[in-house]
Amino acid sequence: MTAVRRVGVLGARGKVGAEVVRAVEEADDLELVASLDAGDALEELVSAGAEAVVDFTHPDAVMDSLRFCAEHGIHAVVGTTGFDDERLATLRGWLGDDPGAGVLIAPNFSIGAVLMMRFAAAAAPFYESVEIVELHHPTKADAPSGTARRTAELVAAARREAGLGPVPDATSTGLDGARGADVAGVHVHSVRARGLVAHQEVLLGGVGETLTIRHDSMDRASFTPGVLAGLRWIADHPGLTVGLEHVLDLD
Amino acid sequence: MTAVRRVGVLGARGKVGAEVVRAVEEADDLELVASLDAGDALEELVSAGAEAVVDFTHPDAVMDSLRFCAEHGIHAVVGTTGFDDERLATLRGWLGDDPGAGVLIAPNFSIGAVLMMRFAAAAAPFYESVEIVELHHPTKADAPSGTARRTAELVAAARREAGLGPVPDATSTGLDGARGADVAGVHVHSVRARGLVAHQEVLLGGVGETLTIRHDSMDRASFTPGVLAGLRWIADHPGLTVGLEHVLDLD
Amino acid sequence: MTAVRRVGVLGARGKVGAEVVRAVEEADDLELVASLDAGDALEELVSAGAEAVVDFTHPDAVMDSLRFCAEHGIHAVVGTTGFDDERLATLRGWLGDDPGAGVLIAPNFSIGAVLMMRFAAAAAPFYESVEIVELHHPTKADAPSGTARRTAELVAAARREAGLGPVPDATSTGLDGARGADVAGVHVHSVRARGLVAHQEVLLGGVGETLTIRHDSMDRASFTPGVLAGLRWIADHPGLTVGLEHVLDLD
Amino acid sequence: MTAVRRVGVLGARGKVGAEVVRAVEEADDLELVASLDAGDALEELVSAGAEAVVDFTHPDAVMDSLRFCAEHGIHAVVGTTGFDDERLATLRGWLGDDPGAGVLIAPNFSIGAVLMMRFAAAAAPFYESVEIVELHHPTKADAPSGTARRTAELVAAARREAGLGPVPDATSTGLDGARGADVAGVHVHSVRARGLVAHQEVLLGGVGETLTIRHDSMDRASFTPGVLAGLRWIADHPGLTVGLEHVLDLD
């Protein structure tokens, strides 16, 4: 097993980047060698001897950084958003047929959120009913959350593949909105209350029993174990990988 | 303390009545002396020496039964629905100024559901946010449930009285229904899944903390302790009483 | 895919067997052709043309039944307890090198319980902490439950394999029993309360987040979907199989 | 209603005091006029015109501060520990028969924790079973928590007063500790896991139903609303008061 030791952080002065900086500093097997933010020269990564970078920056900046990394054989663990098929194809081109560097891009670095989604999809074929309740602080602008939508889509796909029809629901009278939002046939409910941080519950129901998978994120720092797991995995996995589930070996 | 011992059950052959019959038979301090259903003569209550009846019948039948009980000084514990102000006034007239009998009418005989509603209303003034999630089997026709609507109204009234404004909610983008139904300003979510019976959760949220009150009803028989509590209370409380909370001494 | 259609039930007059009888009768793709109990002749299975049996009987009876089934090429789905290595070896001998019949033995036919155990073990390597709370009716004689013990052992094995040390626990002062029972280094808590049926929660915790997997069994019938899944799977899987997880294709 | 406006904070440089400072500064109806810590002269409270103080300091220091406040007619809201009957009697002596100042001492300023305890005790007479699960971070030294012990004692007292006997429990075989710690006949379970902050669940169970009251404290700041409520209440309540429940008007 090859292991990255020297790490550079891009976006180091942002809220998320600052958490990454702290997590890398606290990890015994990693060393923080560069902390860059907008305006800093990427060449510093080379002079500092960075073997890998963590990039939580901006869609406008990330492609330039990744091209630089690919050219210099620096691995990248990327939480920046905005990757579409075109960008991914471009990345693959830069990495080439015999990539010297690995790039891991993940929309969600929370290990718990990824496990919740995978378990929900794995259990879905065995249950007649499934419903999602996500709970967040009241300053969140979107409802349902992106994680809830993604979970619903994964669960709906697993149900289709297993040949399951629509969930049973005899509701014939009621108030608008009571049964939540419909995402690919899965009912999703969004609770917003002061004191909450970020929580989600997937409830699967069959005759006489329910199975509930719940993820509670109480702290912004909860994504850092996923980033560290990515750093420890990337040197052995050259080329482009999308999704933390590959790091968690859940396939 | 006066105590009822000899009990008659009206609607004894219905599903609910059958549970009452069983609960009265199993109670050491009570004796089942009459089991009547549609078509049976109310006079049997008198000949059997019933001191109290339990009535889970039909709105069409209940007023005749209660007039008979009032005339014969028989106490009544009533779970039948359909009582409006007019019916309650009629009942008060029958009982008179110096009532010899007590009549307890309650829309909900589940002690847990009543406690949940009272606690939610008592806590509401201290919390910026409150939201309700109710969960039932998928053959339920209405959403939200009657208990959830009633809880929302009680909570909303307690907030108004405490001078609280609307709950905080920054949702600006999303899918229809995600934020649930609006009952008097309180968001209510209805989950329907196979395996569930009847459950409700009231979530109150303030800075850095949440308080959750949850009631799980796993069995049809869960209302019988409330009926027995009513039977043990009624002899000392002549006249008309509406609501199990008075029996539970929560006022 | 081969499919069993004609099913015999052994132990048909027991509580569990009666649920199996009902479930087979209600399944569109299965036909109940024989209902046997202690004292009935196994030959009836042959004359009725049973292709498979379900056996929820007694350790004293089950081996005779399984030998009969093996000799007559009848598949068996078995929930009876008491199988040790010796019995399993004997069974393998009866089935032979080219088995015409399949035998599925499972200590737990609840799909939800099996999924909970598998998900808990799959998640365990990613979490510093793990703890189990199981909740049952107060007439249960053993604490912790067999499922909780088995879950703890699976989780502990997964932690060992991932190189994790003991769970963090700074408790230095307290009352006996507060931290629960120790099963292979995993703390297990047993709650007993009227109104509960059979429930279990596995709580996994890491920096800033927790993942909770909860199974609620509200009804004795909750094991029947697992039995039916076994019946639909057995014809394609000759020989001996132990554990419902193989049917659920979770390996 | 009389209202305090000008507030001094004692112990202002401690972790808890710093949260109080911030909360007072953020409250529209309050003004922070003095921030003192060990070594600072109490006379500053007088010169700054403080009408009330908040004291989260040390048992060694608090009595001197409270004598000073009593002598100068300054109200006090006190979260410092270590008050026994002797200290309370001394305080009452200082305040005199016609107290000009109010002193509120509370072992717990979390509104949610206080509500949970009160609701649990109010519900206890109606339930055959009750059990407590408390969940905290793994660096906590004591198990069970002080709040859990106090809750168990309140619940046990309510059961005794209602004439209830021991909780039903048929456990006859098992592992040491599985059934938790015994506090006045109530089983208490302590879960410790990374990612948790401070949580407690009281589960009450009767025939076919359970009522669960759960408090989740996700942030150190969750006690500040209780302190502010005390400050808004104290001017109208001269003399000594012990317990936040009086402020919450739950008696």
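A, B, C and D label the chains in the order they appear, each numbered from 1.
The rule is simple: contacts are C-beta pairs under 8 Å (C-beta built on N, C-alpha and C of every residue); 3 or more make two chains touch, one makes a residue touch a chain.
Quick caveat: nothing in here was measured; it's all calculated off a predicted structure.
> Would you mind telling me which chain pair, B-D or C-D, is linked by more contacting C-beta pairs?
C-D
> Would you kindly say which chain has the C-alpha centre located farthest from the C-alpha centre of chain B?
Computed centres place A farthest from chain B.
> What is the distance in Å between the mean C-alpha positions of chain A and chain D?
The mean C-alpha positions of chain A and chain D differ by 40 Å.
> Quick check: how many Å separate the C-alpha centres of chain B and chain D?
34
> Can you check how far apart chain C and chain D are, centre to centre, with Cα atoms defining each centre and the answer in Å?
About 46 Å, centre to centre.
> Name the residues of chain A that each touch 2 or more other chains.
Within chain A, the residues that touch at least two other chains are 195-196, 204, 206-210, 216, 218-219, 222.
> What residues of chain D sit close enough to touch chain B in their complex?
Contacts found on chain D: 110-112, 115-116, 119, 122-123, 126, 204, 206-222, 224-225, 229, 248, 250.
> Which residues, counting only chain C, touch chain B once they are in their complex?
Touch list, chain C to chain B: 195-197, 216, 218-219, 222.
> For chain A, which residues are in contact with chain B within the complex?
Listed in rising order, the residues of chain A that touch chain B are 127-131, 133, 135, 138-144, 167-183, 187-196, 203-210.
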